[in-house]
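Order as written gives the chain letters A, B and C; numbering starts at 1 within each chain.
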Amino acid sequence: MNPLKQFNWRFTVPVDLVLIVVLVSRGSGVFFSIAVVEALMWMVRLLWISPAMLMYIIRRLVQAIPVLLAVLAIGFALIQLAPGDMFTQMELSDNIRPEQLDRFREQFRLDQPWYMQFYQYVINAVQGEFGFSRTYRAPVFAVVSQRAANTILLSLTSLAFAWVLSIPAGVFAATNQYNIKDQFVSIFAFVGLAIPNFFLAFLLLYLVSSTGNWLPLGGMTSSGFRHMTATQQFFDIARHMVIPVVVIGTSIMATLTRVMRGEMLKIMNEQYVVTARAKGQTENKVVYMHALRNAINPMITILGFQLGNVMSGAALVEIVVAWPGLGSVLLEALLSQDLYLVVGSLIYGVGLLVIGNLLADIALALVDPRVRVG
Amino acid sequence: MEYVLEVNDLATYFFMHDYIIRAVDGVDFTLAKGETLGIVGESGCGKSITSMSLMRLIPDPPGKIVDGEVNLKGTDLVKLPEEKMRGFRGNEISMIFQEPMTSLNPVYTIGFQISEVLRLHRDIEKREALSEAARLLKMVGMSDPDQRVHEYPFQLSGGLRQRAMIAIAMACEPSVMIADEPTTALDVTIQAQILRLMGELKDAKDTSIAFITHDLAVIAGFTDRVMVMYAGVAVEDAPVKEVFKNPLHPYTQGLLGSVPVLGVGKLNEDGTRRLLQAIPGTLPDARRFPRGCRFAPRCPHAMKRCWEAEPNMVEVAPGHKVRCYLHHEEVRERKMRNLGAAGRRIAKLQEHDRKKRESKRAREERKESKRDGVS
Amino acid sequence: MTDKSLLDIRKLRKTFPVKANVFSTKSIPLKAVDGVNLQIRKGETLGLVGESGCGKTTVGRCLLRLYQPDSGRIWLEADPDVVAEVEARDAEREEIEAELQSVFENGSARGQSRKIRELKQKIRTIRAVADRKAAEYDLLSMPAARMQQARKEIQMVFQDPWASLNPQMVVKDLIGEGPYTFGTHRGRTLDRWVNELLDKVGLPKNAANRYPHEFSGGQRQRIGIARALALTPKLIVCDEPVSALDVSVQAQVLNLLISLQDDFDLAYLFIAHDLSVVQYVSDRVAVMYLGKVVELADSKQLYQSPRHPYTISLLSSIPVADPDIRVEGQILEGDVPSPINPPSGCAFHPRCPHRIDPCDKILPELGRDRAGHRIACHNPPND
C-alpha cells in the first residue's frame, strides 16, 4: 500500500499547531486563528482522504448560495416594503438640512434603483454587514455577531447534552425492550417532549429560587465577570448555562432517545451482531462496539435536522432566562421596530442553520466507511 | 468411534405470548472428528434453530433450550455458564451464516473483524493479530491479503465476503464448524468455489462440520452423513449414500423426488410432459403439530397409528436410523426372525399386550378429551 | 421470422445510470441489457438463465415496459412485411449513426457543425418514419391506447410471493382486478371466472374472500399465477417464480405451470438462475452473461452438449443430488465482472479456460454453429 495514500493523523496535527501558534504570535485572535487554520487544514485532509468528498463539500457550499440569496432577498424585500428609509426619521429633525439628507442618501446609495440597492445589499451582506442598528447605535454586525456566538454556544451545548444523554438512554431502553426499564425511559422522554419549553424554564427558575438560589437565575455572566480569571469566567458561564441547557436539551431528548432506541433494536437484529456473538465477544462489546457504532449514523443525520428545532427552542428560552442571544436580540429589535437588526439576525440564524446541516452531513460522511471510502 | 460432538434429545422452544413454538423437539446426532454431517430440511423444520442452540445463541426471551445436552469433547454446553460459553464460541465451535452481505459489520475492516476473534481467544498483540488475519485471508484463497485486511466489507463481492466469514470461523481452528446455508445466497459458480474451499480446509485442519442446507444436491457431494429434519424432529439419519440410494422415510423420498435432476429434459421417453414428484400440502403449523407423526398429513403411506402416536427413531441398518412406523414393522419382523419359534410366541404375546395397552390408552385419551371438551 | 412467432425481441438495450461514487453528480451507464435478440414462439417456453446481475430480469421487465428500454424493438405477432420494412429503415438509421459517430471520433467535429446537424435531422426523420410504421406491432413505439391492449397479452409472475401481492386486497380482487379494468368480465361472470381460475391453480373456492397473509408461500405463488392468467394472456413472463419456495413446494408450482401451459396454450419466458429447474419447463434455453446472450439452443441439446465455455462451466458447477458424483470439471475462478466496466471483447474472457488471442479484443457475434446452437464464442471447445 502506498504510504502517501494512507491518511496519517500524526503528520497533520503538528502542522495545525504550528500554524495556529504562528498566527497567534503575529497578533491574530486565538479563536480566529484556530478557525482559519482548521478550515484550511481540513480541506487539505479531505483532499488527502477523499478528493471526491472535498468536491462534494464544495458543491454543497455552492448549493447553499441560492438559499442564502433567497433569504437575503426576503430580508431586502422586508426593508423595501417598510415605509420610508434609514433617514426618514431625520426629516423631522430641525438640525439637519434637506441637502444634507440628500447627501447621506447618495452616500448610502439610496438614490439608486432597487436592483442596484439589492446588489449593494448582497455585497455588504457577504462582508457580514447588514446595516445600522438604530437602538444600539452600532452596525448590525457588531450587535449580532456576539449574540450569535452566544446562541451557538447555548445550542451546541444543549445538543451535546441531549445527545450524550439520549444515546445511553436509547441503548438502555433497547437492551431492556418492553420491560419496565424500557417503559420508564420512554415515559421520561415523552414528559420532556410534552412540557412546553418556557413552562419548564419557569418551573426550574421557581425551583432554584425557592431552594436558595444555588444557580444564577438569568443572564450569561455575573456582575464581576470582567475581574475574574479565565477559569472563573468559564465556570461562571457554565453555571449560567445550566437551566437553559436542561430546558432545551430535554425537549429534543425525547426524539433522539426514540430514534436511538428504534435504531438499536433494528441493528441488534442484524446478522453481524449475531456474528459478533458467535465469535465469543462479550455482550457489552457486542452492544457498544458492534451495534452502537452502526446505530449512531442516523443520530448524526438527525443532528442536522434538530439544529433548527434547537435554535428556535433556544430563542424562546433565551428570552425567559435573559440569555443575550439571537432570540432575545430579535425580540428587542421587533419591539423597537429596528428593521435592520431584525433582518440581520434572521439572516444570521438561517446562515447558521445551513452551515450546521452541512457540517452534520460531512460528519456522517466521515464516520461511515461506505461513504468515506466508496 | 470417538465423537467430537454429541447432541442428545435437544429441545428448543419459543415461548410466545399465547402459544409455544416447538422449533426443535428432541434432536439427537453425533459428529466424529473430521466428519461432515449434512442437516437437511425445508424452512421452518428447525435446522437453523438447532445450529443456533449448539452455539447457545437463541434469543432469550422468547427462546429457551428446554431439554437435552450438547457434549463438545466432554463438556455439556447447555449447562455451561454464559461466561465459560463465550470462551467456546468462535474458539472451539464456530459458525458461518447464510447472508455474506449482512454477516460482516459494515463499519469495521475485514482485518479488524478477523483479528477480533483471534484477540478474544489467543493472547496476541494487535499488530500480530492483523498479520495473522492476512495469513488467514490467504488461506481462504484471497489475492492481495495484505491489502484486503484494510478493506471494508462493502468493497468485497458476495463470494469474497463468504471467504472472509470462513476465515473468521476457522481463525482459532475450532473442532466443530457449523455452516448455516453458507452457499444459498451465492451464484452457482461461486457456490462451487466456496464448497471446494470448505472441503480443502476441512481436510487440512480435520475440522468437523455441520452443514445445514435446504438443498439436497449441495450436500450430496460434500458430506459423510445426512440428517433429514421435518417439523422440529429428525426423521432420518444415515450415511450419505444410503440417504440418496435407499431413502426410507416417505419425507426423504418425497424431498429427493422433488429435486430437479439435471439433464433429463422436458419430455418423458413416451413424449408426455415430465412432471416433478411433489409432496402435496404444506408444512404443519409449529404452534399445533399433529398428535401423531408430524408428516402424516402429507404422507402417502399414512396409517391409522401414524395419526395416533409419534413413532420413535429406530435403527434399521447399521448407522441408518429412521422415524417411521413402516420400518418399525420391519425391525420387529427381523427381530422375530432372529428369535426363532420360541421367540415368535413371545413376540406374539408381546404384540397382544401392546395392542391391549394401546387400546386402553386410546380409551383413556378419548375420555380425557371428552372431559376437556366439557370443561 | 416464422409465422408461429409470438414475440420477437430485436437489439434490446437498457442501461441504468449509476452514480460514480456517493459524492459525485455524474452517472455512469450500467449496461444491464446490451443488444439482446430473442424470439418466443406461440405456446413454447423459452428459458432465460444466468447468474445474478446478468440482465435476465431486466429483459423480462422490459417486455412488460416496467422498464423503458433505451433502444430496440419488441414485435408482438407482427406482420412480417412491416417488420422487414422497419428493419430496413433501422439499418439505414444505424448506418447514419455510425457515420455521425465517426465524425465525432475523427475530432473534426468543430468545422462540421452543419453536417452534424444534417445527420441528426436525418436520423430523427428516419426514426419517426420507422416508429410510425412499427406502431401497430412494436411494443416500444406503440401509442398508449394500443399498448393498453397489448398489455393484456403479456403478464408476469414475480419472484417474491410475499411482496408481490397487495396485503390490503382480498384474493378475489387481486385476481379480478385485471379482467375488471379491461372489462373482459363483469359482475357475476367475473366471480365465476375467478372461481374457475382458483380451481385451475389448485386453490379452494373459499380462498376468494381471504387476504394474502392467510396463505403459505406456495399458495401465494398460485394466487400470483391465477392473477397472471386472469386476462388469458398469450405470454407469461415468469421471473424466478419458484426460487423463493421450499423444494417440495417448488415442485408443486412447477408442475402447475407445466399443466397450465397446455390448458391455456401459453408461452412462457421462464427466467431463473437455477438451470436444473429451467429444463423441466423449457423448449429452448438462452444463457446470458453480462447483458448478452452467449448461447441459445434447444433445451435438450443445451443440457447434453453445451457449447459455450460459460454454459459448460455453469452446468458443471451445479451440484448433483448423487453422492457418487463429485463436482469436478471446471470450477470458474473469480467473480462476475461489474457491468459498469465490462471486460473488452468477449465479456467472459477473463474467466474463460478456452481464451485465445482475439477474445479480449473482438466481441464475438451470436452465430449458428453446425450443431444448431447459437453461440457467441471465438473458440468453442471440442470443435
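One rule holds for everything that comes next: a residue touches a chain if its C-beta (ideal position, glycine included) is under 8 Å from a C-beta of that chain, and two chains touch if they have at least 3 such contacts.
What you see is a predicted model; the values in this text were computed from it and never measured.
Asks: When the contacting C-beta pairs are counted for A-B and for B-C, which pair yields the higher total?
Replies: When B-C is set beside A-B, the one with more contacts is B-C.
Asks: With centres defined as the mean of C-alpha atoms, identify the chain lying farthest from chain B.
Replies: For chain B, the chain whose C-alpha mean is farthest off is A.
Asks: Can you work out the whole-Å distance between the CA centroids of chain A and chain C?
Replies: 54
Asks: Could you state the distance in Å from the CA-based centre of chain A to that of chain B?
Replies: The computed centroid separation for chain A versus chain B comes out at 56 Å.
Asks: So what's the Cα centroid distance for chain B and chain C, whole Å?
Replies: Computed value for the inter-centroid distance: 37 Å.
Asks: Can you pull out the residues of chain A that are in contact with at least two other chains?
Replies: Answer for chain A, listing residues that touch two or more other chains: 370, 374.
Asks: Going by the touch rule set out above, which residues of chain B reach two or more other chains?
Replies: none
Asks: Across the complex, what residues on chain C touch chain B?
Replies: Of all residues in chain C, those touching chain B are 45, 51-52, 216, 218-219, 246-252, 254-255, 258-259, 262, 273-277, 279-283, 299-300, 303-304, 313-315, 317-327, 331-333, 335-336.
Asks: Within their complex, state which residues of chain B touch chain C.
Replies: 42-43, 157, 159-160, 187-193, 195-196, 214-218, 220-222, 240-241, 244-245, 254-266, 273-280, 282-283
Asks: Going by the contact rule at the top, pick out the chain B residues touching chain A in the complex.
Replies: Touching chain A from chain B are residues 55, 57, 86-91, 94-95, 97, 99, 102-109, 116-117, 120-121, 146-147, 150, 152, 154-155, 165, 168.
Asks: Residues of chain A touching chain B in their complex?
Replies: 1, 270-272, 274-282, 290, 293-294, 367-370, 373-374
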